[in-house]
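Everything on this sheet refers to the single structure shown next.
Order of writing sets the chain letters: A, B and C. Residues in each chain are counted from 1.
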Amino acid sequence: MEDPGITIKRRDVMPAGAATLPAEFYVSAGRFRYEMDRLFAVRWLCAGRVEQVEEAGQFFVRDLLGESIIVTRTPTAEVRAFYNLCRHRGTKLCSESEGRFPGSIQCPYHAWTYALDGRLLGAPHMEEVPHFDKEAYPLHSVQADIWDGHIFVTLARATPPLADQLADLPGKFRSWRMQDLRLGHRIVYDVRANWKLIVQNYNECLHCPNLHPALNRLSHYLSGENEPLHPSYMGGRMDLRPGIATMSMDGSCPRAFLPGLTDVERRGVYYYAIFPNMLLSLHPDYMLVHTLWPLAPDRTINICEWHFHPQELARPGFDARDVIEFWDLTNRQDWRVCELSQAGISSRAYVPGPYSNREDLLYAFDRMIVGLHGGE
Amino acid sequence: MEDPGITIKRRDVMPAGAATLPAEFYVSAGRFRYEMDRLFAVRWLCAGRVEQVEEAGQFFVRDLLGESIIVTRTPTAEVRAFYNLCRHRGTKLCSESEGRFPGSIQCPYHAWTYALDGRLLGAPHMEEVPHFDKEAYPLHSVQADIWDGHIFVTLARATPPLADQLADLPGKFRSWRMQDLRLGHRIVYDVRANWKLIVQNYNECLHCPNLHPALNRLSHYLSGENEPLHPSYMGGRMDLRPGIATMSMDGSCPRAFLPGLTDVERRGVYYYAIFPNMLLSLHPDYMLVHTLWPLAPDRTINICEWHFHPQELARPGFDARDVIEFWDLTNRQDWRVCELSQAGISSRAYVPGPYSNREDLLYAFDRMIVGLHGGE
Amino acid sequence: MEDPGITIKRRDVMPAGAATLPAEFYVSAGRFRYEMDRLFAVRWLCAGRVEQVEEAGQFFVRDLLGESIIVTRTPTAEVRAFYNLCRHRGTKLCSESEGRFPGSIQCPYHAWTYALDGRLLGAPHMEEVPHFDKEAYPLHSVQADIWDGHIFVTLARATPPLADQLADLPGKFRSWRMQDLRLGHRIVYDVRANWKLIVQNYNECLHCPNLHPALNRLSHYLSGENEPLHPSYMGGRMDLRPGIATMSMDGSCPRAFLPGLTDVERRGVYYYAIFPNMLLSLHPDYMLVHTLWPLAPDRTINICEWHFHPQELARPGFDARDVIEFWDLTNRQDWRVCELSQAGISSRAYVPGPYSNREDLLYAFDRMIVGLHGGE
């Protein structure tokens, strides 16, 4: 057997006729809207990190489903999210993508002013209008919650709590102590492909020998072992090859491993798609997070962040180019084939093609998507 | 009371529940088309100035409602307007935005040639076609008329005369002798907002202290006094503060006042929205004209012109930068908040918000718009 | 009579009421889709030249009707065409517009590999899937055939052979020995006009004196003699003026005439629109080919190629700028009026205009188009 030291993980045989989705799931505006309405608009979405709103008044703005959402922190340390518009004449309040409010949020048009918890504090000349009640005009609120340093928001008014959606994930990844980590680098990609093609690409390594020779040298493409698909996530672990310390340009790791990891956890990478918009990749020494922001059936904004332990970030001469370059290279290879898939699937000649046993999670994910649309 | 020398003009109290328009009035393609068909396509629109077609054959082209319209002058001194297309195979006749025809209008394709009054003069080889009648193929005409130097056109075939639409405006502004003024400067803005947001922004100064501190130093935002909305226009007058001579960067006026103004007229600025596309701002020493050309629910071309007395324009060293810079600065501030309003109103969270007493004309305008659409 | 030496060709008189098409034929998305489905998708389209795939594995890619099509040559010298997508997950196989495959076609995603005749050769890990049959997954084939060096393709599955569509064209143009000619230059134009306006422009020279004075000096606009419209083509011949050797900047011809032409063929240019996408212009010393690739009702990609005899191309100092510049100039004049016609026809004021006797082929073409749409 090739590759001594590699444990090849077997997979179950695919059901007869297991094939990719019909084209309409990737190109139809109606299917896209449906997925936005029934999935992205009702689930919790990973929006950013607690460290981005460490102090009261710090904020960032996230665009999702055509909405601009402000995430900020109140003086009582609550993380809050609001639709980015004034209650007076609808003016967009905040044009910057991040920054710090000076204690309150003021509309640039007529100076209506809101507290950081959304209460309307001042509305010039409205006191002359009988029965005007400031308490009736707070900012439109968006639900926000936190998991281990990750901020989640949902546009749904009534939805089960974030903890329900996460299910057993908090326990599964406790060792990495994600809340302690801090952002080292961010790259925003504009991918001309359906969001599901990005999720599918993330969840198989059958393409790695051909598309990612550098990655395949660090982690053998048959070393992956998946969990069965869970309603809230899918994923698994891949082994690092003998002598490889982490996923970096040369496989070495100039950083300390994250504290709290077991020996087993230090010898692999854990790749989880957390539905619908988060791809969480836990390495022995860093955390990679992709969040997906679909704009159209054939277009998705993909925000990729590298997070490190603060002790490493604080070390003189800290340099993470070895892992940033590695994943930026891998990302670009992946988004390119996702775009090529989007292009080919749009052809009148496209028909669903057969899945191999190595694409088990994709077939399960597709079944879930078909179910979301009410079956085939 | 703050600001000695300022007379604050009181306003009536808003009706209970007076609120901004629902979002669809600003974002719906159907509502937009309706307003174009029932308002812009049936009313007279301010298209330009007589001085642009001072001599026979001079022309300018204006794009409105997806149409390209030629405005020119005949040898008998009539101002005429035509659709910009040949009666042969529909070719656009004129690609320049302004210029001078050499006595006739010739199609670049097969050289069909028209007189400046639209008559077909020549059509090569058509004489071989039996019964071809040149008189049956004049340029498609567009009605044009003039008010005090302003050229108005209408795409309507049968519409009341311009004088009916203008009602009492000619008398109201006779003192400014607008027909004597001449263009000093023009800036074309491309505003990503619904045309009504620009009209609404123009008709209240509640936003001035916050958005236009420079303007508010020249003319106090509470000094405005409005007429009740008229079916053809809405507007009013604002006082210049003591010591301020005109709306310019420093409030001084290096130009002579326009001849014919009363003392009262010299101490204020008259701001009138003349429906549907003209914003006329009469200053003691110059005339500011905005014309609005909606392209889409969320996009409007806004042409802004500064007109001066020809004696001033002819003066050696004439320099109007003090008023051009002032209004260009103010314009940019205004278009930016209009664009922010367009963005916020597009949110699923937007609901109509309450008007203050200082937004009386907006509320009246909104009622007129709702009536145009057949009521709520 | 003006122009001694010019024989003016008479034309029949137009039927009463002969007029251009209604605007919807040029602007309606529905009419456009109908023409793509019922004409471009069912007929043979000229896609390129045999010389572009001279050796096995050479390929070029052509975009038509939203499809990307690979044209290549097999080791057994067959010219074959395929939809540019993998049978596995639909990925676009080939991103280059031309090149040479290394003996097989490999998908960049999971390395599925195809023979140059389309057979699936390898599909990694698919052997683990029971009953997977490689023979069931060849590339999706597109019919290809050849006429005298021109490669034609059709997206239709069952369509009469190319020879049927060409009818008597092969005999008509045998003298030019088109299969011997080789590409000298190519220019791709992006024309903002309906494809039919380009065909119509190509089939009358009534516009030449006004639009193309340079062309009219070489070939008198009334010297054209047309064949009656044939279901597969329309066209005719124009005479070169006395002393003019070919269509070039100065009318001289520094190249040898093509071998095989009669004296009569050397004294004219033959202009044929071969439906739906080829404009074939045969000169005494070169072949000009336009192929049309409609993208939208108001947009057409227009590929123009100049082909010469290989003995001329091989001559030291071969320089074809005299004919490239001539036709590039004429092309640009033509596309510009096509774009002006598209703009004017889009106006609400447009109504069909009268045809002259010199526009006989256009009227016949229009009748054919109306018939394609099921009559008026």
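FYI, a contact is a pair of C-beta atoms (placed from the backbone, for glycine too) under 8 Å apart; a residue touches a chain by one contact, two chains touch by 3 or more.
These numbers were taken from a predicted model, which means no experiment stands behind them.
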{"item": "Partner chains shared by chain B and chain C (touch criterion as defined above)", "value": "A"}
{"item": "Chain C against chain A, contact positions shared by both copies (same if over half, else different)", "value": "different"}
{"item": "Relative orientation of copies chain A and chain B, as a Cα rotation angle in degrees, nearest 5", "value": "120"}
{"item": "Chain centre separation (chain A, chain C; CA means) in Å", "value": "48"}
{"item": "Chain C, residues touching no fewer than two other chains", "value": "none"}
{"item": "Chain B residues within the chain C interface of the complex", "value": "66-68, 83-93, 95, 108-111, 123-126, 128-132, 137, 140, 155"}
{"item": "Contacting residues of chain B [partner chain A, same complex]", "value": "13-14, 16, 20, 23, 206-207, 209-211, 336-337, 340-341, 343-350, 353-358"}
